[in-house]
Structure formats: C-alpha cells, structure tokens
C-alpha cells in the first residue's frame, strides 16, 4: 500500500468535501454492542437528540431522521409535499440542484430549471422572472441548494425568501443544507425555510448513513393534503412517533445514533455561533492562500465573489489538466486526499478542498502546506507567500 | 444505572431477535477514519463484497444495497416491481407480513391477505385456493415472509414455489429473509425465489442501517416494464453501477461497508453450510430446554411443530402476564436482555429469544441459564432438567 | 481458525483466573490518541485516580503505580523494605507464595517457607510456631498471599494480623491481593496490612500491564531506613510526586490510565461492598454446581472448606487426566476458554475457573452450562441438577 | 474544554517528542478482549514478534521485552551487567544521560560523567582521554545516548565504537535508542553496540508502557558472570523462555503486544530503510523552516550542526521566554501541542518539536504552519519564506 518513494506514511488526511474527518469521540461512541431497541438508553436519548438537531438547524419545528444518505433525504422531502404532476422551480448553481431536480422528475414532478452554470450564484432577477411568470402558482416548491458541493457556491437563501414574500408566491422554500449545516450560518426559522434537507457526514461529523428532513407548519399542511406518501418516506410518524421504532420507520440505526449524539455534544459544547465563526475564519485562510497562488495564473478559484463562497468547500481549477496530478501527488506522497472535480467542463483540471466539520488551524495549514508542496514538486507557477497569508488570517 | 441488588454488572447480553450480537471484528473494522469515496480501497472492495453477499443468499443473480433498514428494503423491493393498482397476495403467519402488506398499500398496491394467525405456518391449501381463484393473474407477486420475527414461525418457501409452478401462476415470489438469512437455510436460486429482501443486523451481524434486495431475471424484466421507479429505490443502477456512487444512490455507507466486509469474512471462513448447521443445533438446544420447562404448564412455545420453528428466534408465552416480569428480572439482575412479545394477544405474557448470528454454545447456555434463574426467582412452575437437556443437545 | 465441527463461532468467553473480561467502557476509553504527558487532562486526573484506587484497597495510606505486571509489583514491594540478608516468612498455600519467595531470594533476602501444600489454607498454629521461634525478630516481613490463583485458596489475613499482634512480632504484614482485590473483601487499614501488592488485569478489569503497591506508615518507616532502593522500584517519588512523571518513574502508561479510570468508575458506581457481595453470590453459584457434579466422583473441588475458597477463582480436578480434554472441548466447541491447572501434582487433571471482575449472572450460567455440555460430551460421570442448583443460588 | 475564541476544535495533533502519534491500525489492534495467556494466538505470535523487533534494531542477537517505560529498560539493562561498585562512563549531551547515570548510582554503580552541556554533541577527544586514563579498565560500560530527547542532539555511536576498539577498551557499549529507534538510522550489530535500550512510544508508535533491551554475546557473557540479578530485570528467561510467561516475567502485556504487532507490520511494510529516509526528509523540512525563522534572531535551533541533529526531535529556543506562550497559543488556538523545553537554562524560552514515527508530509506542514501562525499572532520577528522552504524540501 505504501508508496516506497513517498512521505505518506502517517495519518491520512481526507480533505474532500464530505465525508469529513470524524472526531475520535464519535468513533468511540459507535464502538459498542448493539443496544436494546425497545427500551432503555437508546429510547430515552431521543427527545434530547432531536432537540439538539433542531438547535443546529435553528428551528423550533419538526425533524424526521432517515436511515439514508443525502439523496434519500432529497427523495423523502419531495415525497412528503409533491404530488406527481406538480411543478418545482430549481435554480441551479453547480451540479447538485440538477440531481435533486432529476429525483423530482423520477417521482413524476415537473421541473422548471434555471441553470446559472458551474461558477455563478443565483441571479435573483431571473428567479423573480420565473416566479412572476407563474401567476397561477403551478410552482409548488423551490429547490434551493444552499451550498453546492461541486461548485462551492453559497446561495443567498434569505434573499430568495424575501423574493417569494415580495411576490406573494406560496411555493414552499426547500433548502438543501447537506454541505452547509454546521459550517455556514443557516437559520431555518428566521430565514423562512419551509423544508430543509441535510445529512450526517459533513458538518455533523458522523459516518455517512443518516440524513434528516426538517419541516415547518406550512410543509406539514401540504403533507396533510397529500393523497399518498410512501410509508418509508412519510415524515409524520418519524417526527411525532407514538413508539420508538416509528422514529426510523423500523429498526433504529443504533450506532449512528450514538455517533450523532457525540457529534452534537461537540457542536453544542463549542456553540453553533462559534462553529460558524471558526469555519468562516478557516475558509478565509484557505482563500488567502488560494488567491496568492492564483497570482501565478495556473490556479483559479471557481467562485470569484467571496460573498458567494462556501465556508465548507472550495472548488479550484489548475489549468492544463493539472488538478488530477496534484491530487495524485498529495495522496501518494503526503498522505493528503483532496476532492475530485465534479460537474465542471474539464474535470481533470478541477479539484476541491473540503474544510468542514472537525477542523482546526493546524489541519488547514497542513492542507495548504500539502498543496504548496505538490505545486512545487509539479513545478506549477504560483504566487509566493500563500502559506504565510493563510497563517496571517488564522493569527487574526 | 446499576441496580444495587443485582448481579448484572458484567457483559450485557442482548438476546433479542435482532439486532444480534456484533462480533468484535466487525466493530474493529468500523472504528476507522472515513475513506475516500471516489477511489481507493472502498471502491475496490465492492466487487468481492457483492459477490460474497450473493454467496450468502445462494444466488448468481443481482443484489442492490440500500442505506435503509429492513422496512426500507421492503419498500425498495415493492417499488421496483409493482405499479399502483396491481395486487399482491400476502399469506401471514405473524405480524411482519401485515407490515409489508401495509407498505404495499401505501404505495397504492392492492393486497389480498390471508391471515394464519400468530401461531400457525402457512396452510398451503388456502394459498392454493387463493391462487386458483386468480384465474386472470391479477396477483402480481406473493409476499412470503420466510421467518416471522414476531411469531418465530418459519414458512416453507420451496412448497410455495412448487405451488406457483403447479398452478402455472406467474406471480413473482418475493421472500423476506430479514430474520433468516445467515441463520436458517435459504437457497434463493434453487428455491426459485424471484426477489429477496434482507437486512444487516441479524444473521449478517452488522450494526443496523443497511439492507439488501436480491432479484433475478424475472424480477428484472418486471422492473424494465415499470412506468416509473423512484430514483432512490431503483435497483438498476445499484446492481449495475457505472460509477461507485451508484451502488448507493449517492454517498456510500462507508463504515457499514467495512463492518459488513468483516462479517462476511467470518461467515465464509466458517462456511455457510456450517453456519446453518450451527444455528440448527443451537436452536434445538433452546427448544429442548423450553420443552422441559413447558412441562410445568406455565411456559408455552408459540410454534408447536419443530419443522416450522425458526432457527434464529423463539417466541414464548408465560401465562398470567409473566413474560414482562421475567424479561425485567433477567435484564436487571443478570445482565441479559430478552425480546419483548410482538403481535400477540397478550403481550405481557409473551417474550422472545434471539439466537442468531454471532452465537455459540456458552452463550446459549448463558441465555437459558438466565431464564432458569429468573423462573426460579419468580417461582414459575417448570419442568426440571431443562438446562441439562439443552447441554445434551449441544454435546451432540 | 474456526473448527468446522464446532459451535464456537460467537463471542469468546475467557473464563480463566486473569486476565478477566474487560468491560467495553474500558476498551473504549483506551481507544484514543496519546495525550500530552506534561500538562492537561492526564495530569489532572491523577489525584482522583489514586484516591479511587485507595478506596478500592480500603486504605487512607499511600499507593505507588508501576508499569509492570504483578511480578513487578512483588519485586517493587520487596525492594522498598528488605535489605539483602534479611529474612521473610512465607506461609504457602499453593504456588504463588513460592514465586514471591523466589523473587525475594533473587534480591538476596532469606526466606523461611512453610508449605501447606496445594489444597490447604494456612495453619495458624504452624505460623505461630515459626514466629515464636523468631525471638530476635530476624523475620522482617511475612509474605501473605490473600488468594492463591493456582489453588483458589483464600487465606485469613485478619487472623495473621491478630497472631502478629498477639506475639508482638514487628514483622511487616505484606499481602498479595493480585487475585482478590475487587473480588473478595479486603480491608487494608482495618486488617492492619502494611504493604499490599495488586495488579490491574483481574478485579480491576484493565488490560494487563500495570500494578500497584499500597503501603502504610510502618512500611514507609522501613523504606526510609533502607540503605538503597533502585530508582525504578522506589515507591517514594511515585507516591508523593513533585512532578507528574514521578508517578511512573518516567513516561506515563497513558492508555492504561484511561482504562483504569473507566474501570474504577464502574466499581465505584456499583459500590465496592456490592462488588464483593456480587462476587460472593456468583462464587456460591459456581460452588453449588461443582458440588453437585462432584457427586459423580470424577470432579473434585480443590478447596474443601467454603470458608477458604476464593470468590474469584475455583480450582478443580477431573480424575484421569480429563481436565485438559475438558478445557479443549469447551474452547473448540463452545467458544469458552477455561484456565489450566497450575502447580498441582497432576496438571492434566486440573483446571480452573475464573469468576472475577466484569461478571454477571448469565455469564456464570454460560460458564457452568459450557462445563455441563463438555462433561456430557466426554461422558464424565457427574451428579445431576448442577445447573439448576447454580440458578437457585443466583435466584437467591 | 474548547476555548471559545479558538480555532482548536478538530483533530488534536500531539507533536511532542514522545509519545508520538499512534496509527489507527495500532489502536484498532488493541481494542479487543483479553486473549488466553497460556496458549493460542498470543503465544504463537511471539517468535515473529521478537524477530521483527530485531529487524528494526538491526541485530541478530537477543531481545528482552519489559512491561516498563524507558526508565525501566534503563534499570533493566544496568541490572544485567553491572555489579554495585563497578564504574560506568557517561558522556552527556543533554539531560537524559544524567538520568541514566543517576539510575546507575541508585544501583550502587559509580559514574564517571563528562558533561558536554545542553547543546553540544560528544567531543570524542575528551571521551578518549577518559578511556585512556582508565588503564586498569575500571570502566565496565559506556552509557551512550544516541539521540537525547531534551537537546535533540544525535551522537555518533560508530565513532564511539571505533574509539573503544582503537583503545582496546573492553567496556560494554550501551546505547539508549529510546528517541531514535525507527527514526534515525541505527545498526546495532554493524555498529558494535553491545546493549541497546528502547521503548515503544516513539518510533515504534505504540502506546507507552513497554520497553526493550537488546544485547549481544559480550553482554550475555557479562550477565553470566553476575553474582545476582533481580528476577524481574533478568533478561535471560525473557530472551530464551521455556514458557510463554517467561517472556514477560509473569503476565503478558496482552494488548500492547497486539499493538506492537500492528506497528511492526507498518514499519516492515514500508521498509526500515525507507522509514529512515522519510524521517530524514521530514526533519530537513523542519530545519529548513526553522533556519528561515531564525533569520529574525528570535528563534534559535539548539543544535547548530545538521550532522548532529536528530531526525526525530528538534529543540528550539525563542528568546525572551516566548517558548511557553508559543506552545500555549498553538494548543489553545490551533489544536497543536508542542513539547516543553527540558533541561535548558531558560525553560520558558525553550520548546521542542517531535517529528517521529507515524508522520507524513501534511502533518509536518501542519506543524510548521501552526508555528508560523503562532509567531504571527505573537508578533515574533522571523525570516519569511519558512513554510515555502519546508515545502521545497518535501517536494524534493
């Protein structure tokens, strides 16, 4: 396994935009025998667990937990509020809105997609135009990806809410926070989000395999009016269970629940506001280095405007198809795994940095230092002083 | 937590009919950082993993892996082969056929249910009658629960196949092996099963959170003719993926895959035939003790005929509502957790023993010895020599 | 690894007289990165840890922690209070007193050994005789093994103290509680023990590798008068450190300390009095079964008098060299490992049961049930009703 | 625990000069039940384990394993070859030779110490002078610390051997490789080392608690001539055991053995030559950064001559007592723990970096990036380009 010419023998650092680095406390909590699933500790911990999930999402409303990945939560959310034949609006900045929209189509839902390409955030005027054109309110929901993991664009959810309100458009505002929750500021209730979808393996720092749908009273009302919702996706018993097994529509994901419990303890011990501040600072350090490197005209940040950059992931391009060699170098020679490019025109040139979740100052410097090393080894032109610029940001 | 009058301080033994006891090798394999989900070890291990799953199911056909519990796999299986408005036949011995049938109804499928009650296996004549009455083949599938976890009845799948063949009935034979796979003999191809559903937390000895649908060419043909299948449940990309993420319809259940890998290694190191033999022997030891206790006329085995008893779970009744006190005693005083009664008329009287998966001779004797102790403490009439009878079976 | 004819695939149960079964909480606590050894959590936890160790030993005096096994603690204890050429009295019931005495000799100490053989406790008259004969108090210490792990004899420490007091003999009373601490009642201060030696892998439920010497003011005074004590064994800085590293004479046993912390939490959550009561009850259950089996005249308990039987270990003999086949059977066929015979005339006939530490009712029944099974398989004559007798004891 | 103004929430990085970072494979291997200590897997793995230890030490001679820390191994080594009243020569570069010499004195051995201070390697002329003055060979051994963990000086063992040979001095050459084994090149047999002492928690990447003494035929001969060696320290039965327990002079350190097994597998999979090369390259990267920073005249490397710098640890000084504030900053703000200064005149100014064992490129860049950040935050003058200089070394 070890490349004998490499300096990789040591801790592997998975710096992809999810799964993120799992805290030791989470893995420890999951290394245990199966608990009883009818009574006892596991059953008793659920009220606090769901309360603490809601605290992260900044909502006093409901949450349904799914044994599923983020795609499952997408389908769950759609299944509870959309009847085949209904329409959703899907403003896409990057790849994942397309994916969610395709899922809607597979459920028989019509999709009106506005594609802003892989590098631009929503253009609110074009969205306004689409909503205004929908005078008879065929559009029942807007699929709003908060942070697109492929492009690292962060879209402006409050602005979208304001637009819907201004236009008196009743469409549900459905947010995908899979890449942002626990990283970028997100305020479900204050921002007027009706349905929010997320998963456990990014900002929530738990091994992949669990996802969540949060929903408010407007969404509940739509659910109540549905002719049929599949038993597995139905969020009703999951959010208001009479029996423990209804939380999960069957057998509980026992070990994931213990892992999530430990992760939520870490988040709330730090404080969610501080979690956001930390991610913001670490992201600015990443940007500072990347912007310096970019002076060499080989490296480019996918998102030009800092205001639209995610605090959890950064998409980059190295001209001449040098993204893949760079990733290969850091993995084989330094023990550092970077994310592949996704959904871009030239995927060999692209790569992504995950900087989400269980992340601190030395990790970010190790990530950036690894890239500097690889660029040096591959003789990629770059501005100097990148690492010192990042350190200066961290030093505040 | 510890009851100060108790003898419970020690290893907890969870002897419920799932989740089963997880081997240390499985937990060790899961205690690791998240792997890359785009390349490397995890990606490379999939071909062998799916091959080894098929070996356990005794099929050369397809398998789709779901991040979901058994209920999710139920819905997945139904979603791939049944159009709303079609009909299934559901012969029910115990509770779980009802659950699967309700799921079908929630998908708009019509259900023809034959209820054999909580203590009797299928009556093949009544099933034959129902199939014969279906001259125009409205019945598209038969929902056949191999082992019902609530009643501990094991139904005769080969006999059902023979019946369908005799009657030339084209309905798909869909088997639920959630409680039987890796415990009771099951031969998917030889028995002519078209679709089989199972989950990881019983005979497969992996923490709950992953499930599986196996299907053959007949089932694939039905899938191909479906007007629409939801993206998450669609088994097609999961069984024939072009890309790794299609195995899981999105992010992989990273840690569960490592756990399952370790569990399959244990199964195949032992040999699946030997796994079945072991379960058979251990089950007979349990029955030997229970039949002795039953001489005291307080304890009753739910299933009278040994030929219809599961090798993985045993449902019992203690007259006078003494099932719950017995369970309470073993848990609080001995560190032994028994399964609650499910789906029975008098649930307080009922309880169940799980004897599945990672299970050996001393564990079964500890389980039975715990029950003997509790019956003594609660002064429940019982035949003598139960434990020695069990030991005699184990001694062969 | 798995014997294909066996029923062993399942949890291995190590029922030898140490190492004992390690609680999950202990293993979890040890699965962590190395901590800083100069400041922080590890340093700060020491005062409570040593206080909680003293609570288990029932002493308000000193404790020194050694990275060493029990033999190391033996040597440590001897090294702090005995000058080459001095004499100790060693009343031996079983093998381990011999071992300790040999260690003393290797340090240049003279040993006066009284051998009571492998099956008898101390004869206080013979000890009295030896002490009376020592009019000029050449005997500086008595090496008193509380429970001998090979013979399972428990000796009467308070009686020995009374004897020394009666005779006004100033010899230090040095107790070996390696096999008894946290199992059998032991009261260091009330019983007038001057030095006590123990280790972590039995009643303290922590992986082998750490041991302890407790000592009171009389022992300290003797240490103060020593011409020389080796730096590693010197208990002075270990018990009264100015710096953290002095606790361990160098680098701390980081992970063992976390494990021990978790184990002490379990003990004190249960309460040491209850721990003793639990061991007593479980031991009586073991005896009840063994005494029944003994009616068949093949099995013999090594210690006839219940008052002199350890609550942590039971030494047995199966005539005709059948101890080894029995152990072999339980290990290969049932997943149950019994202890070998040690220090007996016919070691093939002998075997031992560990019933110490993290142990509860179903475990004891599994242990005994495994032996019943093996005796049945090997057609060893035995009284009937052994398991029911044990269950009756547990049922109270 | 979390400082709310910090960026520390993430993986802690313990970059002290031991304990080093433990590989996941080692922790996984240790998270298991206690094995049997009389037969089976643990017993069977010993021959390969000791062979693989010898491969790391580059010797065909003997090894004794001790449950003890490095100080214990020091005492063990001394105890096997030195009689009270004999003399050793102790050339000291840094603190640890003093410690070993004190241990010798506590055993009654006379010490002739040559102190080269905290920043200079051995002066071979002064050592030669001392040996020449010893015409009657009172000096029985030379205590030679290969790498001093406090000063980060690496001494020239082959030169010392050559000197002894040139002078025909029969003193045993006893090397302390606690901080160097598995990091800096060490060739026991080729270099003519007679006794070598090391421990498991640095280059051997195993939790602290086990240590080792290697010895050759000359040392064995001296041992054979000893009037008395304590039973615990006697290396004879440990190196040539008739029974498994003799390897450890009693109960085996069960879990440490599994951990060490996993660590040795990592070392030999990489290849010991490559391990040394990796450490050399990573050390040069550290030096490159430190030398750049040193241009600011606040930071100083303790060892001026690269030829005498350890590849495993680097001792540094920040004028004005700023070592402690720097360490405090990296720990509280970045999750990075640096080593304290040891044995220096102004300990508040000093600090040390561990770069040993399970260590790769991104970790070193994270370590250096953390220091750059802290120096920026604390406004410590420093040369620029330090991190890029380190990256250039790594890039080769």
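Should a chain be cited, it is by its letter among A, B, C and D, assigned in written order, with residues numbered from 1 in that chain.
To be clear about the criterion, a contact is a pair of C-beta atoms (placed from the backbone, for glycine too) under 8 Å apart; a residue touches a chain by one contact, two chains touch by 3 or more.
On a predicted model such as this, the values are computed, not experimentally measured, just so you know.
Set against one another, A-C and A-D show the most C-beta pairs in contact at A-D. Farthest from subunit B, judged by the mean position of CA atoms in each chain, is D. Centre to centre, using the average C-alpha position, subunit A and subunit D are separated by 44 Å.
The mean-CA centres of subunit A and subunit C are about 54 angstrom from one another, to the nearest whole unit.
Shown for subunit D are the residues in touch with two or more other chains, namely 21, 24, 27, 31-33. Of all residues in subunit A, only 24, 27-28, 31-33 touch subunit C in the complex they form. Residues 12, 14, 16, 18-22, 27, 30-39, 67-72, 74-75, 79, 102-103, 106-108, 199, 201, 207-210, 228-232, 234, 248-256, 337, 339-340 of subunit B are the ones touching subunit A in the complex. Residue ranges of subunit A in contact with subunit D, taken from their complex: 1-2, 4, 6-11, 13, 21, 23-24, 31, 266, 269-271, 274-275, 278, 281-282, 330, 333-336, 358-370, 372-374, 376-377, 384-385, 387-388, 390-392, 394-396.
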